[in-house]
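Below are structures written as C-alpha cells.
Each of the two complexes below includes subunit A, the first together with subunit B, the second together with subunit C.
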Partner chain A sequence: MKTLKNHLGLITSLVIVILIAIAPIVSGNAASREVVFTILRAIVLASSLNILLGYTGYVSFGHIVFFGFGGYVGFYLITAQGQSLWVAMLAGGVVSGLLAYLLGKAILRLRGAYFALATIGVNEAVRAFINNFEPFGGPTGMTMNFSVYQEYGGAMKALEMSFYIMLVLALLVVVLSYVVRTSKFGLGLLAIREDEDAAEVMGVVAPDAKTWAFVLSAIFPGMVGALFFFKNGSVEPLDAFPLHTSIEMIVMVMLGGQGTVLGPILGAAGYQRMRGLLVTSPIFKNIQLAVSGGLLLLIVLFVPAGVIGWARQRWPKLRRVLQ
Partner chain B sequence: MMILQVQGVSKNFGGLQALSNVTFDLPEGQILGLIGPNGAGKTTLFNVINGVYTPSEGRVIFRGKDVTGQKTYHMAHAGMARTHQIVKPLNDLTVMENVMVGACFGRESHNLKKARQIAEEVLDFVGLAERAEQLAGSLNVGQKKRLEMARALASHPYLLLLDEVLAGLNPSEIAHMVDIVRRIREQGITIIMIEHVMHAIMNVSDRILVLDYGQQIAEGSPEEISQNPKVIEAYLGDPKLAERLMEGGE
Partner chain C sequence: MDFILASLADGLLLGFIYGIAAMGLTLIWGVMNVINLAHGPIIALGMFTVYLLFTFLGIPPYLGVLLAAVFGLLLGIVIYVIAVQRVIDAPHLSSLLATFSVNMIIIGIGTAIFSTSPRNIDLQLWSISLGPVTLQGTRVVASFIAVLVTAGLYYFLYRTRQGKYIRAVANNRAAAELVGIPSNRVLALSFGIGAMLATIAGALIATFLPFNILAGGTYELKSFVIGVLGGLGNPVGALVGGLILGLLEGIVPTFTQTTWVPVIEFVLFVIILLVRPNGLFGAKQ
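Now for the complex of A and B:
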C-alpha cells in the first residue's frame, strides 16, 4: 500500500491514459477507435518530447524526424525484408535512438535557440536524404502489399491489433516518463534545465545526460513510426517528416504542462480533440494550424507552466497526484 | 599536505590580462582569504581553479593531481565545490531538490534516498530546514546565498570555494554566515573565500592573498596584510599621499 501511495502520480497518469482509450474498447466502434489511435499516438510523441523539452529544457523543433526515420526503417524491413511488425518496431526504436545519439553528440553542445534551429535543419536534411534514397522509394515512398496483413489475421484484425499495441506503447512511455522524472538521472536533467552551468559545477555531467535524454526521447517516436506506417500501408517523405507536426507536439507539451508526467498526456488529448473539431468545421478547417499557433502564443504569455503546472501551483496539496 | 597548488597561472581574454603568474600553495584545513579591488581577477582565479576556464599558462594541482583544464564536473567529482558571487539557484526546483543535486552528483555521488538525508542535515546546518519544500526562486538574497552554501556542502567537498557569500547581507546575516564558515572549517574542509567585508575576512582567515589587476601583490597573515603598504595603496591609492598632503598643508 505504501509503495502504491508513493507512486500516486504514476497511477493517476496511467489511469487517465486507460480512460482515454476505454470507449472504443468497450463499444468496439471502429471510427472511435481511429480517433483514439491518433490521440494515443499524440500522447506517445508528446510525452517523449517532454523528456527533452520539459525535463531538460531543450526545444526540439524537428522531433518528428525520429517518428519518420523509425517509420521508414520499420516499413522497409516489413516490405522489402519480410520481417515481422515486432522486428520492425524494435528496429524503428533502435535506429531512432541511434540517430539521436549521434545527433546529440554533434548538436547538443548548442544551447537555446541555436539547438532549436539545428533540429529543424536535421529534420529537413533527413527528409531530403530519404527523398533521394532509392531503396526507400525516393520521393514516391513505398507501399505495402495487402497480403502482409494476412499474417496478422487480415487487414481488419491488423488495424485492431495496431490500436492495442499503440495503447501499450502509450502506457510504457508514461512509465518511462515517470521513472525519468523521479530518478536521480531526472534530477540531473531538471538541474540542467534550470541552469546548465550551475548543474555542471555541482557535478552533473551535462553532455552525457543531455545525450541520453535525447536518446530516450527518440526511441518511442521511432517505434510509433514503424507501427503507424504499418497500419497506414504506405509511407512517403511528406507524411513521415511533417514539420508542422513537430510544432504541434510542442503545443501539446506546453498546453498540458512541460516538465510534468501528466501534462503531455492531457495536452495531447486536449489538442487532438480540438484539432478534430477544427478540421471538421467549415470555417476553421483551412486555418487550424493558425489556431494552434495562436494557442501556443496564449499559453506562453499567460500560462507558461501549462494546465498541470498551473494546477500544481494553485493547489500544492495535489502535487502528489498531479506529477 | 597541500590540498591545492596553483603554479604560475595566467589567464588572458584577448588583450586583457585577467591573471598573471599567480602562484600559491594551500595546506589542508586552512582558510585562505582572497581580496583585492573590483576587477582584480578574484573570480577569474576561482573559475580557473574549478575548471570554468582553462588557464592560458600555468598549472592547477588538486590533492596531488594535475587538474589543469579539467571540466567543472570533473572538479566536482574530485571533491571541489563552490558558490557563485551572482547566485545561481535552480529556481523551479525546491530548496531540498537543489541541495540533493549537490549530494547526488558531487564527490560521493549518492542515490536519491541518501541524498535527501544529507540535504536535510545540510539545510539544518545552514538554517534553511523550514524552507526545504519551498521553490528556490522564492527565497530572498540572504537565503539564496545560504542555499548556494548548502548545495556546495552537500557534496562533502575537500575544498570549498566561497565567492562573496557575505555581499548583500545585513550585519546579523553576516554574523550568522561567518559562524557557518567557521563551523565548516571545524569539519576539516579547506576553504578559499573571496570577500569585500574586511573585518569578517580578516577575522576568519588564516592567510590572505591580495590580487590587483591580475597580479598577486601580497600574501601573508591578516596582520601582515593590513600593514602592507602595497595593499593599502591598491585599496586607498598612494599611501604617501596622505603624509604629503599633511606636510603641504603646513
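Now for the complex of A and C:
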C-alpha cells in the first residue's frame, strides 16, 4: 500500500491516459478511435519533448526531426526491406536515439537561444537532405503497397492494432517521464535547468546528463514516427518534418505545465481537442492558427507555469497527486 | 563560365536584400537578446503592403516600399508593447514563444484574408547587359535601396541621439538607465526598427519575385543563417553574411542541383553555430 501511495503521481497520470483512450475501446467507433489516436500521438510527442524542455530547460524547436527521421527509416524497412512493423518501430526508435546522441554531443554545448536556433537548422537540414535522398524517394516520398497490411489481418485490423500500440507507447512514455523525474538523474536535469554552472559545481556531469536527456526524448518520437507512417501508408518530407508541429509540441507542454509528468498529457489532450473544435467550427475554421497563437501568447505572458504548474502553486496539498 | 558569372551577379544582388532582412533580426537580438520568430510574417506583411498599395490604389512600388517601412516601424512597436515587453527579462523560452505566437497570429489571419495563392507585382524596368551578364533593373534598384538603407541605419545608430541610446542600451541596459536613458522606449524603438528592416526587405523582394503569405518563412530562415554567419547582434556582419549567402546561392547551382542549396546552407549554419557562435567576424569566445 505504501509504495502505491508513494507513486500516486504516476498512477494519476496513467489513469488519465487510459480515461482519454477508453471511449473508442468501449464503443469500437472507428471515427472516435482516429481522434484519440492523434491525441495519443500528441501525448507521446509532448511528454518526450518535456524531458528535454521541461526537465532540462533546453528548447528544441526542431524536435519533430526525430519523428520524421524514425518514420522514414521505419517506412523504408517495411517497404524496401520487407521487415515487420515491430522491427521498423524498434529501428525507428534506435536510429532516432542515435541521431540524438550524435547531435547532442555536438549542439548541446550551445545554450539558450543558440541551441534553439541550431535545432531549427538541424530540422531544416535533415528535411532538405531527405528531399534530395533518392533511396527515400526524394521530394515525392514513398508509398506503401496495400498488401503489406495482409500480414496484420488486413487494413482494418492494422488500423485498430496501430491504435493499441500507440496506447501502449503513450503509457510507456508516461512511465519513462515519471521515472526520469523521480530519479537522481532527473534531479540532475532539474538542477541543470535552474543553473547549469551551479549544477556542475555540485557534481552533475552536465554534458552527459544533457545528452542522455536528449536521447531519451528522441526515442519515442522515432517509434511513433515509424508507427504513424505505417498506418498512414505514405511518407513525404513535408509530412515528416513540419516545423509547426514542433512548435505545437512546445505549446502542448507549456499549456499543461512544463517539467511535470501530467502537464504534457493534459496539454496534448486539451490542445488537440481545441484544435479539433476550431477546425470544424465555421467561424474559427480559417483562423484557427491565429486563435492558437493568441492562446499561446496569453499562456506565456500570464500563466508561464501552465495549468498543472499553476494548480500545484495554488493548492500545495495536490502536489502529491499532480506530479 | 558565362553561366557562373550571370548566376553570381544575381546572387550578389539578392544578397544585399537578404542582408537587410537579417539586419533587422540581428539588431533586435543585439539590443534585447530576443530572437524574433515573427520575423518571417513581418517580411511577408512588407510584401503585401507594397502589393496591395500597388494593385488597389495604384501607388508606385518604390513609394510603396517607403510606406511599408513606416508600417513596419509601427507594427514592430505594437508587437513589442503587446508581446515582448513583459517577457524581456524572462528565460529565452518565454520570448521565443511570445514572438512565435505573434508569428502564428499574423500567419493565421493573413492566410484567412489572402489565402496562400501566389501573388506578384508586374513591374518592368530597364535591364543592363554587361557581356554575358544581364542585370534586371528591378533587382539593381532593389539592391541599391538596400545599400542606402544600410547606410541610413549606420548614420542613425552612430550619429543621432536616439541611435546612441540604442547602442547604449544594447551595451548595458542597467547602466543606460542609470544615466537617464528611457530604456523601455528605446527597446520599443529598436524592435520597431528591426521590424521596419524586415518589411523593407519584404517590400523589395516583392518588386521582382513572386510571393505568398507564407513566403516570409524562407527569408526568416535565411536571416537566421546570415545572422549567425555574420555574428548575431552585428549589423555589418549581417550585410556581409547576406552577400556570402547570395554568392553561395549563385555558385552552388552551377555544380549541383538547386535543391541541394538548403542542405548546404543549414549544414553550414549548424557548423558555424558550433565552431564560432559569435559569427565569422565576431570575437572568439
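Methods note: the second predicted complex is superposed on the first by the 323 of 323 C-alpha atoms of A that agree within 3 Å, B and C clash if a C-alpha of one lies under 4 Å from a C-alpha of the other, contacts with A are read in each partner's own complex, and residues count from 1 in each chain.
Note that in this section contacts are C-beta pairs under 8 Å (C-beta built on N, C-alpha and C of every residue); 3 or more make two chains touch, one makes a residue touch a chain.
Computed from a predicted model, the values in this text were never measured in an experiment.
A.B. asks: Give one word, clash or fit, describing how subunit B and subunit C relate on subunit A after superposing.
C.D. replies: Here subunit B and subunit C can both sit on subunit A without a clash.
A.B. asks: Between subunit B and subunit C, which makes contact with more of the residues in subunit A?
C.D. replies: It is C that touches the greater number of subunit A residues.
A.B. asks: For the superposed arrangement, I'd like the angle with vertex at the C-alpha centre of subunit A and ends at subunit B and subunit C, nearest 10 degrees.
C.D. replies: It works out to roughly 80 degrees.
A.B. asks: Now for A:195: first (subunit B), second (subunit C), both, or neither, which partner does it touch?
C.D. replies: A:195: touches subunit B, not subunit C.
A.B. asks: Answer with first, second, both or neither: which of subunit B and subunit C does A:82 touch in the superposed model?
C.D. replies: neither
A.B. asks: Per the contact definition in the header, classify A:205: touching subunit B only (first), subunit C only (second), both, or neither.
C.D. replies: So A:205 only meets subunit B here.
A.B. asks: Examine A:184 and indicate which partner it touches, taking first as subunit B and second as subunit C; both and neither are also allowed.
C.D. replies: So A:184 only meets subunit B here.
A.B. asks: Looking at the overlay, what does A:153 touch: subunit B (first), subunit C (second), both, or neither?
C.D. replies: neither
A.B. asks: Between subunit B and subunit C, once the two complexes are placed on the common chain, what is the minimum CA to CA distance in Å?
C.D. replies: Minimum C-alpha separation, subunit B to subunit C: 11 Å.
A.B. asks: Quick one: which bits of subunit B touch subunit A in the complex? Just the residue numbers, please.
C.D. replies: 50, 52, 71-73, 76-77, 81-82, 84, 88-93, 97, 100-102, 104-107, 109, 111-112, 115, 151, 155
A.B. asks: What residues on subunit A touch subunit B, complex-wise?
C.D. replies: Touch residues, subunit A against subunit B: 183-184, 187-188, 190-191, 193-195, 197-206, 259.
A.B. asks: Would you mind writing out the residues of subunit C in touch with subunit A in their complex?
C.D. replies: Answer in residue numbers: 29, 33, 35, 82-83, 86-87, 90-94, 96-98, 100-109, 111-112, 221, 224-225, 228, 257, 259-260, 262-263, 266-267, 269-270, 273-274, 277.
A.B. asks: Any idea which subunit A residues touch subunit C in the complex?
C.D. replies: Touching subunit C: residues 53, 57, 59, 61, 106-107, 109-110, 112-114, 116-118, 120-122, 124-125, 128-129, 131-132, 139, 247, 250-251, 254, 286-297, 300-301, 304 of subunit A.
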